[in-house]
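Heads up, there are several structures right after this.
Shared between the two complexes below is chain A, which pairs with chain B and chain C, respectively.
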Partner chain A sequence: MLAYTAVGNVFVWIVWIAAAAACIGTGVLVVTRTNPFHSALALIGNLGSLAVLYLLLSAEFVAAAQILVYAGAVMVMFLFVIAYLGGKADAPWIGGRSWHQVAAALAGIAILADVLVAISLSAGGTLKTEAEVTRSFGSPEEIGRLFLTDHLLAFEITSIVLLVAAVGGVVLGSHARRTEAEAAAESAEDAA
Partner chain B sequence: MDPWWIDIIKGFLIINLVLVGFAYTTWAERKLLSRMQGRYGPNRAGPFGLLQPIADLIKLVRKESFFPMSASNKMYIAAPIISTAAALLTFSVIPFGPGWHIWKWDVSGSVVDAPIALILVFALGSLGIYGFIIGGWASDSKYATLGAMRTCAQLVSYEVSLALAVLGVVIQAHSLNLNEIVHQQGEQFWFFGPQFVGMVIFFLAGTAETSRPPFDLPEADTEIVAGYHTEYGGMRWGLFSMAEYVNMITLSGLAVTLFFGGWHGPWDPLGPLWFLIKLAVVVFIFIWMRAALPRLRYDQLMRFGWKVLLPVATLNAFVTALVVVAVK
Partner chain C sequence: MPGPGIAAYLGIATFLFVTGAVGVLLRRSPLIVLLSLEIMLNGANLALIAFARHWGNGDGQIFAISVMAVAAAEVVVGLGLIVAMARKNLDLDVDDLSSLKG
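Now for the complex of A and B:
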């Protein structure tokens, strides 16, 4: 039994290193590729490797939802638009310094600081409390229960945000259609 | 819990059985379509043309594997592999038997018995779409790109209805585990009765998801030649075709599992046989629809998906939830 778990641990390490490397690698590809289609594909790979990391944290439902919602539904829309519009984008560092780069650098520094704090805390033994992972941890039932009890407010606010986004999409779409119709009517008048 | 090597044997067996199933689904489709149209269909290779799939395979493998000059090489080659891999992976969660006790090992009736099996099916399905889109885009041809766009729009539109149709069953069974759903149907009743509306929506949305006629707009040959696989030939095209048929078989298996009691039948020891018979009936209905129905227009397809199927599917899930709570 001991040998069995040891082999299992080694396997977990191998999967973790592969997924983490893939995560960083695809993350770098997202911002360095000049072809937006390639960037989008790298982003899909990034979301997929994040799902593997979730699996290692025994959060099966979150991993599957990550694939289904982000790598699946959301990124399909990205690819759809990119394939329709096509074209090549400039590399992000072309065109001199801009406030984008300042903001990106600040965000990067913030995340780096976060990582450093986490590493130093765990090295100091502050984060050593064992996580309680029961059998039902990460199951759909448990997550559903948490959504409707402890995190009800956040859940409802998220649904309102999504509703607003959907209504906004419809308004923008119908506005574009109306201006098209108006333009057509005007040109018809001109012709008359 | 199976030892790991039983999982490997099961996986190997099921993949090969599904591939044989794919080969003979193409034969059955050609034969049935011909009969429905007053023709003979394949009847030269072997008795009743039974060796036709093997002859087709040899032909496809021996063809020159060309690709367009301007195609994006790596993605062009990877696309059919992504689609086929996702399609074959999806079948692993479908339960095909009650599970057996062989010598000193318990062997479960599906390759993977995951508590979130149903979500896994949809997740893998949504990854399979990328093969079609990448293939169409990497071919760098107008017809292929148009086909990829159509595939993308159609599959995204109907995926929502498909998931909502399944939600009714999930609410009734209180589980996302396919084995659990089949067990419950054995104890109570098959879900096609109480979930009749859900079943009809599942069939319609499923036909669109697998791009089968009358929803075969992604490869409407009179409009866009062959859609996303216009520039593919030989076994690369064969892999795309394989992905489509395996998707159809998996969807039929899912329909049997969710609505028709899975492997349950009059005599329970014959579990896999009942599963196979039901699967064959559902696949027959898919082929029948291809012979009977003309293709929809694109605006009809979109209007039907968003304005008819989606509201009905939402209503079905809502009413099911109300009834389940009221009964409890």
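Now for the complex of A and C:
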């Protein structure tokens, strides 16, 4: 395989650096844009560059699921809601109290420094080479086998979570319609 | 020359997680808060998949796929709440969600 020759590793590093830079850049864009449409588009780029990193980690099925489910279905729902809200969705940096903002920034810096120190102290070493992981690693076949044997309970619980979320979405939507009807009835009473 | 090691992937994962966390803490718009939450979840997913590759064990990928399913569920409920807020003509500001009474 290409990945454990010296030339192959240079190629892997080039792809890794490009994907990591795209990942960090789009991540910062998502948090800093005031137009949520731009944020959502940046998040789609972020998910795409993460899928490239997953491919480098030989997680082919997760990369495909990431593109289909996340960058496809979930983000389309986001974009529909942002389009539905229109100008109301604009999100300027109103900010809370200034000490909240300072505390948030300090907490972020603290987590970053903490974890980076922990990683540099203990997470050395290189990944297993292509030859050392089994050929089926990350394939749909392997994922399906794990889901239906070792992780059957997690699989079933996931389906219940999705069902509850679907019911919750319907309840929230219909609740909003009922309050609109109530508001209309109240204004009719006021007029009468 | 070895390829990128586990520490390189964990560094990216940490940066993504912290970026998302700062967004959740700083931004007032619930839409941006939800998008930042997605970044936090993806940072955790990248760490899970990097460790799965490190140990040559598929369990981390199973965990990552479960996280994706939970993220989809969370987006459905979160966007439902945001649409409900918009229909009640509330400002889209997380501070207005201090009570979830109808």
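One rule holds in what follows: the second predicted complex is superposed on the first by the 130 of 192 C-alpha atoms of A that agree within 3 Å, B and C clash if a C-alpha of one lies under 4 Å from a C-alpha of the other, contacts with A are read in each partner's own complex, and residues count from 1 in each chain.
In this text, a contact is a pair of C-beta atoms (placed from the backbone, for glycine too) under 8 Å apart; a residue touches a chain by one contact, two chains touch by 3 or more.
Fair warning: this is a prediction, and the values are worked out from it, not measured in the lab.
In the superposed model, A:W13 lies in contact with chain C only, and not with chain B. Legend: residue contacts after superposition of the two complexes on their common chain; A:E156 is shown touching neither chain B nor chain C.
Of the two partner chains placed by the overlay, only chain C lies in contact with A:A165; chain B stays clear of it. Of the two partner chains placed around the shared chain by superposition, chain C is the only one that A:L146 touches, whereas chain B remains out of contact. Within the superposed three-chain model, A:A64 lies in touch with chain B and out of touch with chain C [touch as defined at top]. In the superposed model, C is the one of chain B and chain C that contacts more residues of chain A. When the two structures are aligned on the shared chain, A:A83 is found in touch with chain B, with no touch to chain C.
When both complexes are overlaid on chain A, the residue A:I44 reaches chain B alone and has no touch with chain C. Of the two partner chains placed by the overlay, only chain C lies in contact with A:P36; chain B stays clear of it. Of the two partner chains, both chain B and chain C are touched by A:A73. The contact surfaces that chain B and chain C form on chain A in the two complexes overlap at residues 61, 65, 73, 77, 84. By the touch criterion given at the top, residues 1-12, 14-23, 25-29, 31-32, 34-36, 38-39, 42, 45-46, 49-50, 52-56, 58-59, 61-62, 64-66, 68-77, 79-84, 86-88, 92-93, 95, 102 of chain C touch chain A in their complex.
Partner chain A is touched in their complex by these residues of chain B: 75, 114-116, 119-120, 122-127, 129-130, 133-134, 136-137, 145, 148-149, 152-153, 155-156, 159, 176.
Per the touch definition, chain A reaches chain B in the complex via residues 37, 41, 44, 60-61, 64-65, 67-68, 71-73, 76-77, 79-80, 83-84, 139-140. Within the complex, the chain A residues that touch chain C are 3-4, 6, 9-10, 12-13, 16, 20, 23-24, 27-28, 30-31, 33, 36, 39-40, 43, 46-47, 50, 53-54, 56-59, 61-62, 65-66, 69-70, 73-74, 77-78, 81-82, 84-85, 88-89, 91, 93-96, 100-101, 103-105, 107-108, 111-112, 115-116, 119-120, 123-128, 132-134, 137-138, 142-143, 146-147, 150-151, 154, 158, 161-162, 164-166, 168-169, 172-173, 175-176, 179-180.
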